[in-house]
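Pasting the structures here.
The same chain A turns up in both complexes below, where it pairs with chain B and then with chain C.
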Partner chain A sequence: MTLGRSRQRFPYWFLVPALVVYGVVVIYPTIAGGVYAFTDWTGSRDGANVTGLANFGAILEDPDAMAALRNTVVLAVAVTIVQTVLGLGLAITLHTRLATRNVLRTLFFLPAVLPPVIIGFLWQYLLTPSGPVNEVLGNLGLGGLAQNWLGDSSVALWSVVGVIVWQNVGLTMIIYLAGLEGIPVELNEAAAIDGAGWWRRLRGVTLPLLMPATTIVVSLTLISSLKVFDQVFVMTGGGPGYATETLSLTMYKEAFVSGQFGYSAAVALVLTMLVAAFALVQLGATRRFEVRT
Partner chain B sequence: MSPSTKRTLAVALATVLTAAGCGFVNSDDEDAGASGKVSAFVSTEQQLGLSSLHPKFEQSAGVTFDLTAAPTADLNEQLRVQLTSGTAADIFRVSPGLSSPVAVGVLGGQGELADLSTADWTKSMSADMRGLASVDDKVYGFPVGQNAIVMAYNKKVFAEAGVEPPRTWSELLTACDRLRAAGVVPISAGFTGGVYLQFWVYALAASLVYGPEADLNDRMLAGEVDFADHAAWTTTFEKFLALREYMTPQANGVSSDQSTADVAQGRAAMQLMVSSGLPALFDGSEGGAADFGVFALPATDDATETRLPVAPDFLAVNKNTNNLDQVNEFLDFLAEPANVKSYVETLGMLPALDVVDDAKLDSLEPVLSYVKDKRTTPFANYLWPNGDTQQRLLQSGQQLLADEIGIPDLLGQLDAEFDKGTP
Partner chain C sequence: MRASKPRLLRLGAGELVMVLVALAFAFPAYVFLNVSLKDPQEASASPLALPSSVSLDNYVEAWRRAELGGAMMSSVVVAVISVALLVLLGSFAAYVLARRATRLSFGLFVLFLLGLMIPTQLGMVPLYQLMHDAGMLRTWTSLIIAQVGQQLPLTVFLYAGLTRALPREYEEAAYVDGAGPLTAFRRVVFPMLRPITGTVIVLSGINIWNEFLLPLLYTGGSAQQTLPAAVYSFRGEYTTEWGLLFAGMMISILPVLVGYFLLQKRMMRGFASGLKG
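Our next item is the complex of A and B:
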């Protein structure tokens, strides 16, 4: 006996409430945000005038927005490269029979579970010119390396990069550790029997087989660092001057400080496009090198 | 029941439940206007000031008060959205002038606020205050109190260096030299984010720019003069930079909390701050308020030219409130001399309505004469036509301090923002 077509479809009607909620909470705001990007809406009840591409033209002519775009790209690329390399290094180092490996894994992963805002306040204090970091450097006889970490525009962006990497490198390490667990021991043993040294085995066996993990790591890191907000907002507020201003921060300031919701939506759209473009290029590039056992 | 009927009922039921869950269906509780419940959305400081007053009003007027508070920055972010979505409270905190998207001048101009011009308490407002609370001569803001920009100093550090509170620019420089010779940082500066940097500009401009020319802002708005071609603005920033050598080194990388702690613990001698920040300074020292004094920042060598920058803190009324009578009654209640006194004494603020002259404000005693003698000016940013001019000052001011741009560059940038006018 078969159920009638209408009875087969009946359970799907119970999806309607969830779809309605999803539509109201996600789909509608997303589309509305995209539409507002083409208006001069200031948040008032009077509505908005359609201004076409004027907001995007204004972004291109706004030196602050272009500085934010440049900072965003530099920060994202730097965080992705440094975090991936360091995370891989930590994972390889701790994928050994080291007695303290579990303790070390926990310690390195710990910052990743803390809220970024807390991390921001913590490092804002640590990086004060008279703060603990410069004090430790001075006590080690490295006072010449002491910096105005968050107050010097030539250093501040790199300080933010360092803090973000410090917080998230543990997560990268965990992903790589999972990848390393998936590499059959026999492959490395066979390569060793064939005379391959550690470096040769790393290049010829481990890294190629870790490419799927690398794809995940680079994707997650790139996307999260392109839209970074919390740490920058707390530690520098985009300063000194515009040295650490990112697109997310510009988006926030334009909407909630200046009341330019239309312009802010345009910045958000640019950021979305940027994230999508970077993600697509990166996925295409890394997947090409993926090999499977 | 047929399958199609069941299906229709299931969808209808699910949709109704979803809509109710999302808040699309009003409940009786939300019909606050008809039940005499007045809602208020205020800053955390205002909440403290109102904490002893609104229960009294509830008792006397038989009205239930629903008070919600948030830090000012958070409140500013939320209020615009609440107004647009029709969920704003009956009464809420607004910024003075045109300084933000939720300033009284902006919201009043957009028709979001109730006209309070006929209230008796408006007669007790100074002309400056009225200007910051009005749009087209209609008053939209009720001033609960006002803050001042003061130089707070550590009495013990001053005494050990043999320094008295300076009354002139030269005395300020001499005091800084003596304090530096005594081994302390003369001026504590934490300019991360630029917020505390702007106070220097407002304090110096009060005596150098707006004191000598009370109508300057009107002339700037009329396009007769601008930042770049007015010598007093250049002097303001020159004097700010002249004090840089006495300030905390690398101040752009120091937080305001850290700089306040430095004064509280005697590592630095003084800090320029808004008077609402004094309690945090007092909390950082075992001796509390007794360890600190305040003075108005001198900018010239004639002490009578010193002006105190002051800024009112406003409440405004939602034009769409269902409780206009009760809200107006509440504002009349707050404007009573005893309640003005209670509010400002609780928060250590200056009275904003000219109905009290015996408020006990120990920590601000040294600057009260400026208010009595009407030697005050509004914070400069509250006179400017938009919030972007202030925002530019916050960020480019840091660049000026770091010698990345010069004074003419900064003044040109301020002009560019100022000339955009009110959005």
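Our next item is the complex of A and C:
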């Protein structure tokens, strides 16, 4: 009876248009990509030969692909740590009675709504050797800190990290601000009456209660920075050499420049596994932490 | 409780520090605007100094040379149609997924959520080939379909969340009055989803407007290309004329900037409650 009624009232045909589009754009291509990863397909009409794990063996033996793998992990972990810490700092500072708090929130969040390509071009200009960033450092008497930010292979990846954090730190900030607004003021007041100082209240009350927000922030940042493409593509194109090459860039070049579709799909599959692995590890870590507290 | 003197002092010091941090943070925006208003000689000589005379020449030139009018048109058409389709498809799908307590509907919901995580890179080549075989490359249609598919997981996730929280009594009442599922959804449920519809419009609208690789692959170089792709090819042609490029970039983000300053509170709430695609 209930089942029949539910079939009438929430008919599955409501789902059909969304499923068709999702199937065509995401499900089918993803599965097809997963299959191509085990072939030597180069786009020819004759099709492809199944080559088993050969593409993955080739990735392991390709120093450039391995550099991309390493860079992807380093970049994602660095962005996640720096952006989480800075975003939390901004949120805590702006969750106060500062007169300028609303203006500052608007400012810090602004880059997050702009196209990553535009941000990439802007910073490419800012970071040129004779560009504005080095000029300001010189004017401040810090000329010794000036770098060839995007051209020096030992600095370039960190410059990219900096740009991505600059663009998205506002997103982290507003997620934490929403979390902070959910913490009852009484809790902090009670802790203060018990003699807890600022630092102790932060560690004992605020941070544990922000755990759900931290979970969202960390998983969101990790997943999106593992997949990052636009900023790297326009700022460095993976260079100098392979210093800032990431898996999504390798995948793009192998597919749309070299036409190595099978190999490119294998690279994309490695990226997918990486995302899944990070997501699982993070889920496990959060679970354990939430059980403990 | 009145703030004590040391507290006020601390607040003042905090204010000062934050303003300095904000100035450093806003420095790129200053350079961006500044260089876009200068002629080439002045821009390369002193990117930091204020322009000796404010001129919109770069904007006029960029608009003409990068054919930004057409790209703006493409961006608007693609964004508006895609967002409208997302609202329609997403709310209908989420309604069934949220209201039905069957294994199938749960499985389908999970299938949609997986889309939030799986890198689009894995399906990029097969999808490109599909569009190619269908003869749809260099059309708005291909881009709209791809954008809608990519943004559906976020949309379904947002709609399903609110739909679950809605009381069922209103729908029951509609059914008692003899309404069918379509009428009940359109007249009763959808209006109650309005807050999340706002969030969906803001989030997916921005994601679609800012998307770069899809438009580059599907419409790059054609008359149908959207703004980020147009700016990208403009950058390739005028490698050293930063003033021109920055003016073009500024034009391409103007609609987002205006929307942001008008709706900033709403937008921040939307992003805090949703996820970014």
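Everything that follows uses one rule, which is that the second predicted complex is superposed on the first by the 272 of 293 C-alpha atoms of A that agree within 3 Å, B and C clash if a C-alpha of one lies under 4 Å from a C-alpha of the other, contacts with A are read in each partner's own complex, and residues count from 1 in each chain.
As a working rule, a contact is a pair of C-beta atoms (placed from the backbone, for glycine too) under 8 Å apart; a residue touches a chain by one contact, two chains touch by 3 or more.
Since the model is a prediction, treat every value here as computed from it, not as a measurement.
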- Pick one for A:223: touches chain B only (first), chain C only (second), both, or neither. second
- Task: May I ask you to decide whether A:260 touches chain B, chain C, both, or neither, giving the answer as first, second, both or neither?
- Result: first
- Query: On chain A, which partner's contacts cover more residues, chain B's or chain C's?
  - Reply: C
- Message: If we overlay the two complexes on their shared chain A, which of chain B and chain C does A:112 touch? Say first, second, both or neither.
- Response: second
- Which partner does A:24 contact after superposing on A: first (chain B), second (chain C), both, neither? both
- Task: Examine A:14 and indicate which partner it touches, taking first as chain B and second as chain C; both and neither are also allowed.
- Result: both
- Which of the two partners, first being chain B and second being chain C, lies in contact with A:240: first, second, both, or neither? first
- Would you check which partner chain A:66 touches, where first means chain B only, second means chain C only, and both and neither mean what they say? neither
- Task: Pick one for A:285: touches chain B only (first), chain C only (second), both, or neither.
- Result: neither
- Item | Touching partner for A:122 - first (chain B), second (chain C), both, neither | second
- Item | Common ground on chain A, meaning residues reached by chain C in one complex and by chain B in the other | 6, 10, 14, 17, 21, 24, 125, 256
- Note on the structure: chain A contacts chain C in the complex at 6, 8-12, 14-15, 17-19, 21-22, 24-30, 32-34, 36, 93-94, 96-100, 104-110, 112-118, 121-123, 125-126, 131-132, 135-136, 166, 171, 174-175, 177-178, 216, 220, 223-224, 226-227, 229-230, 233-234, 247-248, 251-252, 255-256, 261, 264-265, 268-269, 271-272, 275-276, 279
- Task: Using the touch rule from the top, collect the residues of chain B that touch chain A in their complex.
- Result: 3-4, 6-7, 10-11, 14-15, 17-19, 21-22, 76-77, 80-81, 83-84, 100-102, 106, 110, 112, 191-194, 249-255, 258, 386-388, 391, 394-396, 398-399, 401-402, 404, 423
- Given the complex, residues on chain C that touch chain A span 11, 14-15, 18-19, 22, 25-29, 31-32, 35, 47-48, 85, 88-90, 92-93, 95-97, 99-101, 108, 111-112, 115-127, 130, 145-146, 148-150, 152-153, 156, 171, 175, 181, 184-185, 206, 209-210, 212-213, 217, 227-228, 231-232, 235, 242, 245-246, 249, 252-253, 256, 260-261, 264, 267-269, 271-273, 275-276
- Task: Over in the complex, which chain A residues touch chain B? Could you list them?
- Result: 4, 6-7, 10, 13-14, 16-17, 20-21, 24, 42-46, 124-125, 127-130, 148-153, 156, 235-242, 245, 253, 256-260
